[in-house]
Amino acid sequence: MDDLTSRVRAFADERDWQQFHTPKNLAMALAGEVGELIAEFQWLTPEQAAAVMSDREAGGRVKAEIGDVMIYLTRLADVLGIDLVEAASTKLEEVARRYPVGQARGSAAKR
Amino acid sequence: MDDLTSRVRAFADERDWQQFHTPKNLAMALAGEVGELIAEFQWLTPEQAAAVMSDREAGGRVKAEIGDVMIYLTRLADVLGIDLVEAASTKLEEVARRYPVGQARGSAAKR
Amino acid sequence: MDDLTSRVRAFADERDWQQFHTPKNLAMALAGEVGELIAEFQWLTPEQAAAVMSDREAGGRVKAEIGDVMIYLTRLADVLGIDLVEAASTKLEEVARRYPVGQARGSAAKR
Amino acid sequence: MDDLTSRVRAFADERDWQQFHTPKNLAMALAGEVGELIAEFQWLTPEQAAAVMSDREAGGRVKAEIGDVMIYLTRLADVLGIDLVEAASTKLEEVARRYPVGQARGSAAKR
C-alpha cells in the first residue's frame, strides 16, 4: 500500500501533474471514475452483477475501473496527508460501535 | 491492506450483511460515500480545499469520508475477488504507457 | 421550467451565492446530491426500490433528493447558458439514431 | 417538460427497455452520467471551467452530458411518479426557509 502511494506520487511528479492534483480536482476525478465503475453494473440484474467476474471482458473492465478508483483515492489521501488504511480502520471501529452485532444483525436500517 | 480486507469482511459477516453486499449495492454505496466526500469540497475555493486538513473539524470529516470510501471499495473488491492494490498497480502501468513522460508533461489533455 | 430556472437564480442572487455557483462547484454539488439520492436505494432489493414511493417516509426522502438534484442541474445549466430541456431533447434524438428500435429492442448492450 | 417526459418514456417503451428502467438501475445510470459530466470539469481551473462554453468542442461535450443527466433524471422521476419541477420547487421553498436571506447572505455554511 505504501509502495502504491509512492508509485502514484512518482507517476504524477514525473509528468508535472501535481498542479492538477489539488484536493478538489482529485475528488472530482474520483467521482468520475466511480461513475464509470457504477456504469458497468447499471443494467445488470443482481445475478448478472454477482457473476460479472466470470465474464472475461466485463470482468476486465470492472477490474480496470476499480484500479482507477483506487489510484485516485490513493492520490487524494496522499495529497491530504491521510493514511488510507488507517482512516478506513478508524472508521470501521466507529461504525462497529454504532451498529453493535446484536442489534444490527440482518438489518440494513440506518442509524 | 489484507488485514483491512479481513476486518471489513468479518464486520459484514458478524452482522449477517453479506445479503446486502452484492456488487450492485456496494457500487451504489461507494458512489454514495464519494458523494459525501465531494460535498466536503464543493463550496471551498481551491486554496481552502488545499488547507482543509489544518481545519480540525472539516479535516476530521474529510478523513472520515475517505475512510468510508475506502471501506466500501475494499469490500467491493473483496466480494468480486479483486486485489485492490494489484488492480491499481496494473492500471497505473497501463496509464503510464498511454501517457509517456515526454509527451504528457504538464498537460491534462485526455488520450 | 423557465420559471424554475428564474426562481433558482433569484434564490442564489438574494443570498449572494453566485460567487459559490461556479460550474466546477455546481458540478460537485450535483454529484453530492446524486450521491444522497443513490444512498436511498443502495440497500433496497429491486422490489423494495420499485415500491419506494408507497413508503411515506422513504418516498418523501426520495422526492426531496430528486428535488435537490433538479435544483443543482437547473442552476448549472443556467450558469452555463444551456437550455436543459433542449439539451435533453437533442441528446435523445442522437441516442435514438444510435439505438434504432429494430436493433435495440430488449437489449441493454452499449454502442 | 411534460413533453420531454413523454418522449423519454416513448423512447424506452419502443425499445422494450422498461425492464431495465427500475429505480435502482436509473439511479445508477444517473450517477454514471453525472460522473461523465464532472469529468469534463475535473482538470480545468475555475477560470477555464467558467469559460467552457466558449470552447466549441468542450462546450458541446458539456451540453451533451447535461442532456444525458437530464434524460435519466426525467426518466427516474417518471418511473417513480414524481413531478420533477414540482419536487424542485417544493425543495427550493424548504431550503429558502432554512437559509433566510438575512442570515445566509454570502456564506456557504451548512445548516
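We just call them A, B, C and D in the order they show up, numbering each chain from 1.
Note that a residue touches a chain if its C-beta (ideal position, glycine included) is under 8 Å from a C-beta of that chain, and two chains touch if they have at least 3 such contacts.
Protein identities per chain, from UniProt: A, B, C, D = Nucleotide pyrophosphohydrolase.
As the structure is a prediction and not an experimental result, all values here were calculated from the model.
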| item | value |
| --- | --- |
| Pair of chains joined by more contacts [C-beta pairs], A-B or A-D | A-B |
| Inter-chain centre distance, chain A versus chain B - centres from mean C-alpha coordinates, in Å | 2 |
| Chain centre separation (chain A, chain D; CA means) in Å | 24 |
| Overlap residues in chain C, where contacts from two or more other chains coincide | 20, 24, 27-28, 31, 34-35, 38, 41, 43, 46, 108 |
| Pairwise touch network: line, ring, star, complete, or other | complete |
| Chain D-touching residues of chain A, taken from the complex the two chains share | 20, 25, 28-29, 31-36, 38-39, 41-43 |
| Of chain B, residues touching chain D in the complex | 24, 27-28, 31, 43, 46, 108 |
| Of all residues in chain B, those that touch chain A in their complex | 1, 4, 7-8, 11, 14-17, 19-20, 22-24, 27-28, 30-31, 34-35, 37-38, 40-41, 44, 46, 49-50, 52-53, 62-64, 66-71, 73-74, 76-77, 80-82, 84-85, 87-92, 94-96, 99, 101, 104-106, 108 |
